[in-house]
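Please read through the structure below; I'll follow up with questions.
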């Protein structure tokens, strides 16, 4: 902690949430590469030549599924990170921000679990929960920006 | 507004811009899922089984078009959000930042409208306007970081 | 520099790093569009009609390769930007943050060079270096958030 920083609970909780979810997305990204290596099918011709595998134009289902979970994570994480950063900068309610962050982490953990294990109902519900958490947090931040 | 926050016009305008554009992207993401449900073609086998539809390897054109508009939004929004956050942190001109934010929102609304309605010239011009707004804002922020 | 901003070395270095990498990603995005125009194959039917080219369902290898380099950039840049922003807000070590930023920029420049020139070993090593820089920076930021 240096002279420029002020720690307060929401920064800690929101910070840990986005760091954890960022690392989770990073691991899913690495898992697509690892799965390509395991099944020896590569979308880059030079990888197939180098690692003695097959060059394919489209990823196999196993790789594409992890890739879809990864992409869905990133699409939502970008908007959650933006909403949370503006929420923090606007100085909106700490307790509500902590609750939003907690629900969002749970929603996205369930989403990844549901995607990788093929549970469509849970996946849809987890996605929907995350969607509404972001929407409520963004509207909350916008209201605080406008009225203050 | 708590003791840690300082509201000033550029934070409000830039904040509202990225919150609005983040929600717009979120809605496009949900629209791809809704369109898959409407035409009953799914890229996950478990969704096709659950919702009594067809399992396809590639999204249909209707879904893929919304998906491309969504992806283009996110690709640009990430760089705009980064440029704007550094611009704010650097303390660069408020009035220029407000103008950049306004042009960017208009550019991206036009881009989505042009993509979904199949107007290629307007789509290219809107994309190009957004591209240059980000580039100018990023260079402006970099100059302020370096000279101050 | 206005009354709200405080410049210090890590903000300058991290800010320049993400501005530069954001612009690099933006240029790769524009390069996919330019390459589609050069080889006259378009994934939007209206573009093919407008620019007198062929409508294809999947991008050609030349376009798809730049697209993969672009997407890999954005996937990693989002998590790096989040990790760095939280690292800055937490007030973690300036000198370590500057070193992380430097290594990350080098890693991602090498990754793009390796992807576009078809060097798989260098590409994997550059990706892995960037991956570990983000992971270390994120864990470092999380530790500072928790212990302070």
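All chains are identified by letter, namely A, B and C, in their written order; residue positions are counted from 1 within each chain.
The rule we apply is simple: a contact is a pair of C-beta atoms (placed from the backbone, for glycine too) under 8 Å apart; a residue touches a chain by one contact, two chains touch by 3 or more.
Quantities reported herein were computed from a predicted structural model and do not represent experimental measurements.
**Q** Give a one-word verdict, same or different, on whether subunit A and subunit C use largely identical residue numbers at their interface, taking over half shared as same.
**A** different
**Q** State the superposition rotation angle between the two copies subunit B and subunit C, fitting on C-alpha atoms only and giving a multiple of 5 degrees from 0 to 180.
**A** 120
**Q** Distance between subunit A and subunit C based on Cα centroids, please, to the nearest Å.
**A** Each chain's C-alpha centroid was found; their separation is 17 Å.
**Q** Which residues of subunit C are in contact with two or more other chains?
**A** Only 58, 74, 78, 85 qualify.
**Q** List the residues on subunit B that touch subunit C in their complex, please.
**A** 6, 8, 58, 64-65, 68, 74-76, 78-79, 82-83, 85-86, 89-91, 94, 118-121, 127, 131, 134-135, 138, 141-142, 144-146, 148
**Q** In the complex formed with subunit A, which residues of subunit B make contact?
**A** 1-2, 4-5, 7, 11-12, 15-16, 18-20, 22-23, 25-26, 29-30, 33, 43-47, 50-51, 57-58, 70, 74, 77-78, 81, 85
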